[in-house]
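Chain IDs A, B, C and D follow the sequence of writing; residue 1 opens each chain.
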Amino acid sequence: MKSLKVGLIGHKFMGRAHTHAYTDVSLFFTPEIEIVKKTLCANEESVTSLAHKWGWQNSTMDWNDLVNDPEIDIIDIAAPSSIHAEIAIAAAKAGKHVFCEKPLALTLEDAKKMVDAVKVAGVVNMIGFNYRRVPALTLARQLIQDGEIGEVFHFRGIYQQGWLVDPGFPLAWRLRKEAAGYGSHGDLGAHVIDIARYLIGEIDEICCMQETFINERPKPKLEDGLVAIAGKEMGIVDVDDASASLIRFTGKKTMGYIEVTRYGTGHKNENRIEVNGSKGTIIFNMEKMNDLEFYSISDKEHIQGFRRIQVGEGSHPYMSNWWPAGHIIGFGDTFVNQVFDFISAIRDGKKVKPDFMDGYICQKVLDAGQRSAEEREWIKVE
Amino acid sequence: MKSLKVGLIGHKFMGRAHTHAYTDVSLFFTPEIEIVKKTLCANEESVTSLAHKWGWQNSTMDWNDLVNDPEIDIIDIAAPSSIHAEIAIAAAKAGKHVFCEKPLALTLEDAKKMVDAVKVAGVVNMIGFNYRRVPALTLARQLIQDGEIGEVFHFRGIYQQGWLVDPGFPLAWRLRKEAAGYGSHGDLGAHVIDIARYLIGEIDEICCMQETFINERPKPKLEDGLVAIAGKEMGIVDVDDASASLIRFTGKKTMGYIEVTRYGTGHKNENRIEVNGSKGTIIFNMEKMNDLEFYSISDKEHIQGFRRIQVGEGSHPYMSNWWPAGHIIGFGDTFVNQVFDFISAIRDGKKVKPDFMDGYICQKVLDAGQRSAEEREWIKVE
Amino acid sequence: MKSLKVGLIGHKFMGRAHTHAYTDVSLFFTPEIEIVKKTLCANEESVTSLAHKWGWQNSTMDWNDLVNDPEIDIIDIAAPSSIHAEIAIAAAKAGKHVFCEKPLALTLEDAKKMVDAVKVAGVVNMIGFNYRRVPALTLARQLIQDGEIGEVFHFRGIYQQGWLVDPGFPLAWRLRKEAAGYGSHGDLGAHVIDIARYLIGEIDEICCMQETFINERPKPKLEDGLVAIAGKEMGIVDVDDASASLIRFTGKKTMGYIEVTRYGTGHKNENRIEVNGSKGTIIFNMEKMNDLEFYSISDKEHIQGFRRIQVGEGSHPYMSNWWPAGHIIGFGDTFVNQVFDFISAIRDGKKVKPDFMDGYICQKVLDAGQRSAEEREWIKVE
Amino acid sequence: MKSLKVGLIGHKFMGRAHTHAYTDVSLFFTPEIEIVKKTLCANEESVTSLAHKWGWQNSTMDWNDLVNDPEIDIIDIAAPSSIHAEIAIAAAKAGKHVFCEKPLALTLEDAKKMVDAVKVAGVVNMIGFNYRRVPALTLARQLIQDGEIGEVFHFRGIYQQGWLVDPGFPLAWRLRKEAAGYGSHGDLGAHVIDIARYLIGEIDEICCMQETFINERPKPKLEDGLVAIAGKEMGIVDVDDASASLIRFTGKKTMGYIEVTRYGTGHKNENRIEVNGSKGTIIFNMEKMNDLEFYSISDKEHIQGFRRIQVGEGSHPYMSNWWPAGHIIGFGDTFVNQVFDFISAIRDGKKVKPDFMDGYICQKVLDAGQRSAEEREWIKVE
């Protein structure tokens, strides 16, 4: 059996999620190729012990070691967004297949360069919109493609988290433009935009409104991935706390609405998607990610209703590889589905979606939305 | 147009619910007969002003006045259970049509006499199991009759209220055997037993367990219908607080479970019914009485799920007479449905269900359950 | 006891809802004044029999008879929107107290004249935004006023009905600009705008997008209130099918979103309101109108969660007048609450909210939204 | 760092679940000891390739190889129930720590011998009631222990699966007494009984009713773990399809009900637990295993309600080791929690619960229930 050797950059939230995926993929799927967790890279001394604990063969603090390692087949970028472009372009030039977490880059220019780099190199490339690998959302797309909801009238994607309502929460990197590019608009918005494109199609126009509810926060005295500890000095929040957009799709009458917020008190990770069509409606909520709600006017009238489909049967996407029906999968497991599709594409010499181009188009929408919010008018996505 | 003149006995919870029904029936239905609210009877001076406020033509404190009034066509008994039998038998002898609230009587003997009396008199008779007039439950029966859930394996009826967890709640009449006959076993249990018979069929055997969690409570210094004020003297609770029964149905393999409690903290009026069959499942909950949950294995596998049917369409029982779909009806409105069926039966010279015989059979099941709890063994319903 | 004599114009959906309210108010409340259903007016011969069936003393086909009747104290307008202004102004001039269904009028000019008329006449005036009398929404406002959710970050009101997805549904009056003024924007939007004002405050700016999904429909050969029968000739739909608006409130950072549609397949009457604040979140859904969801960060962290408050306790608004907890009220019952507040205001010589001014302000927002949709830009509400 | 070397017997549903646990435990927890997946044992040739695919160092078809391997510290038994006893006793004698899947054994006698064996050997022993490691259930117990729901009135555990409604489903080993001991009574019932003991306390008495709805099924022509293919010959189902029991707890007034079924059409794995107490109520449902519903009468009355606690905060059991709040865990992840507790106990030389004694007591309850169903009377658990 052939093998694929992986170099992973990043050891925080996404570093762990990706490690989990490479670790578990052969336990649930049959990739017909051996996955070797070769080298873990992170810019901290602790990377050595962490690599051992997580089952990586080697570790390094310099990502160039991965790019320059002729044995490594896959470069997986789960590092801060600000260095995505540099690494990805180098990896592509070195002929590595590249997986990159969202967002693709901090600027449209960088994103475009990344798309060009993987195209020129001819390597398999994928971006980490893992929601496409939530089986219930995959099923949602399948139902739409099958015509089960007919012509689409409405798309609504409202993604709410609530962790910023505490004014004492420090000015972490996600709240600084230089490090994150956008606030919730980019972080959460990227997911919703990709889902909108995945389920409905290309976005043509956007009219966006944004707000920063708390303008000053304590600068962190310590910052480590998701965790940041507040210091005494205050700093300015220069990204949005929440972003709401009317959208229009190309060549369709479909009305769209995308809203993202970190001030949705009580919501931990509610990414609620609703699509209404001429024949039915689907509703998805990431907090209940094993379910899909579906209403069909094809049912006899007196028994029509919103049904909660538990997406856990063998007939559902990915689920024949998991537990018996009713034994739900978790957030981390969506990364296993994702990695399986990625390595299958490499094994078969095929493309996989979503790829860097999808990441680039997503960023064009984000960029148009940002300009719309600043100029207070409708902006074309071009 | 002919008319039907009503005499109502009772001015508390049920007195008001029945007044509501006679008042509103012509607003939502077309009974093709005039309903006249002739006389309200209650054993309090306030009945005069209440009758005026509620739109009754006359009032009295003596129920014999109603029975002896040749103009009155219908005697409606919403008085305390302990006097149901005496009034109903007198009313039947006087040739009145009789509506009686549940439970039919305090003893099996009395219940039997009531059945005989209305049979001899040939009058229309009905008992107030108003749940049969909740459109979602009517639909549930219709689905079962249509074979939509196939052979029935399980019936579960768990009726929870929570108002007795407060030890300071007084020893009201519902907690005294002489006045109420049973505790939750009779009060809530009668509803669930009737629903079990309505949906599934006759009950053959029962094995019951009961408990009284708080044995002493303050005697009421004042008691008025649902409201009772605690006094200083303590008294013994001599009825059950909760009752749980395994049951078997006649001629079926169906397994049944009925549980009722007034110690279901947090539940206000959750009467949750579930029926599992070879082709589907239905779930009903009185707190969400406009909905019926339904699962059908006739759906294509990948879209099977529990659907929430909003019972508000013209194609649903009773609902063509109410508001547009999605504009829900309330608890009080089920009495309007009930009264319409009662007066339609009188108008057409037909029988109506549930009648006194249903009340009597229900009581036989309650009686068997009570003996089972005392003797700790399975008891046949005979 | 004094009495208030009512003249009601309208015999369709709202005519029945208002009749229900005047009929039932003394059964659940103690208005300390007698309500007399004097005259029902409708432009059909059937009004005579309907008035008798519904318990009105008289009937007429000419609304001037009501305005000119010196005995009548209250003119209640549940007639088509196009004649609201004429009747209301005449009634005010005649010194009658006036209740008017929403929308106040078809044009801003007419609405302004109505406001002026009732002001000059000094009569009690009220507009039929009955959602303010849904106890759960009244409680929502109370919680907000009490500071239970803190500073408000987000208001979302998404009102979905689904009855227009059928292309065979005829071009009823609600789909014609001359008769309805707006499409869903006005019909459903008025409710959501009023709720936004009721819960949050005045709306300052709006950016609206609208769509008409099906542009041609069969003209009705017969039309009677909610029911219209399709004929063979086709006609143009000249109002919106759906309308979505970003909104900003006066003097607040609160971000708002209002969306209304008649193409929300599967939704019968889902008016879903969510308000996120610095201390908590509330969620309301008209289809489950007896519940209010509430999240509070004042709870201990490990037991925080969205709680479903069953609004049925004596401590909840209006509910001490209804059934015991857990025995829900229906859509029609909100009109009883509304009429009680209206007649209490007349009895006490006080004002009541929402009044004609609220209807006028609502219409200003609708008007700004309509212009925004046409001009594709943000519009100030002035 | 020390290491613990594991030998695992079983390669089906539980074999994979346990492999997953040993594989992932160091990714989410810090066991401070190295876990080595030494040998996988299964009675099929495919064990060699499977061991490689799943990351085990060696494989064998003879479980004695594991018991006799001096390097192996832990014997994990995920093999068919009929051989649990033999392996466990041998493993204990060899001084291995033993983990055994539920049920402990097929007979009470065997179970007792296993308890004695691990006691004599002084090895750490644990039984696979993994529900105790569902964080929401762990939190439920914590709330009960903290007195948050007060004195317990009711325990209800209703565990429904629906996979047997198809009469064509073959007579798999779970439907044969010789292989499975019991039907749903043992398989699902064991979980509910353990949860009842975990949350409430010891069970004193039981009154059970059972049913086999479909008595004959096609014998399998091929059987492989969860999957069995129907052949042409028919055979007799000699275990229960469903089992329902009234129960009483030792030294408490608490009323209990346990029901398990494989005929709960539409339910995939709904293990629904409800506990009502004098101060509150908790509700758990395995299909929504990341949530716990909780009602508390300590809340102010007008905001009391069932709250859905998303068990995903750092303050919740186990969850500080997983993803950020709102990113749910799956069924497989509960085994990671379980294995962490097991190896921590070994590392620290402590006991861990639930142990073999818990498995033995559970089996005593099952045994009493079975006799109760056969003799149709209440049976003491002794």
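By definition in this document, a residue touches a chain if its C-beta (ideal position, glycine included) is under 8 Å from a C-beta of that chain, and two chains touch if they have at least 3 such contacts.
Fair warning: this is a prediction, and the values are worked out from it, not measured in the lab.
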| item | value |
| --- | --- |
| Minimal step count in the chain contact network, subunit A to subunit C | 1 |
| Centroid comparison with subunit A (C-alpha atoms), farthest chain | B |
| Centre-of-Cα separation between subunit B and subunit A, whole angstrom | 54 |
| Rounded Å distance between subunit B and subunit D, as computed from the means of their C-alpha atoms | 42 |
| CA centroid of subunit B to CA centroid of subunit C, Å | 35 |
| Residues of subunit D whose C-beta touches two or more other chains | 267, 295, 304-306, 310 |
| Subunit A to subunit B touching residues, read off their complex | 139, 143, 148, 292-296, 299, 301-310, 313, 315-316 |
| Residues of subunit C touching subunit B in the complex | 13, 16-17, 19-20, 23-24, 26-27, 30, 53-55, 161, 163, 226, 267-270, 286-289, 310, 312, 322-333 |
| Complex contact set, residues of subunit B against subunit D | 149, 151, 153-154, 156, 158, 160, 162, 165, 207, 209, 211, 213, 242, 244, 246, 248, 253, 255, 257, 259, 261, 263-267, 276-281, 295, 297, 304-306, 376-378 |
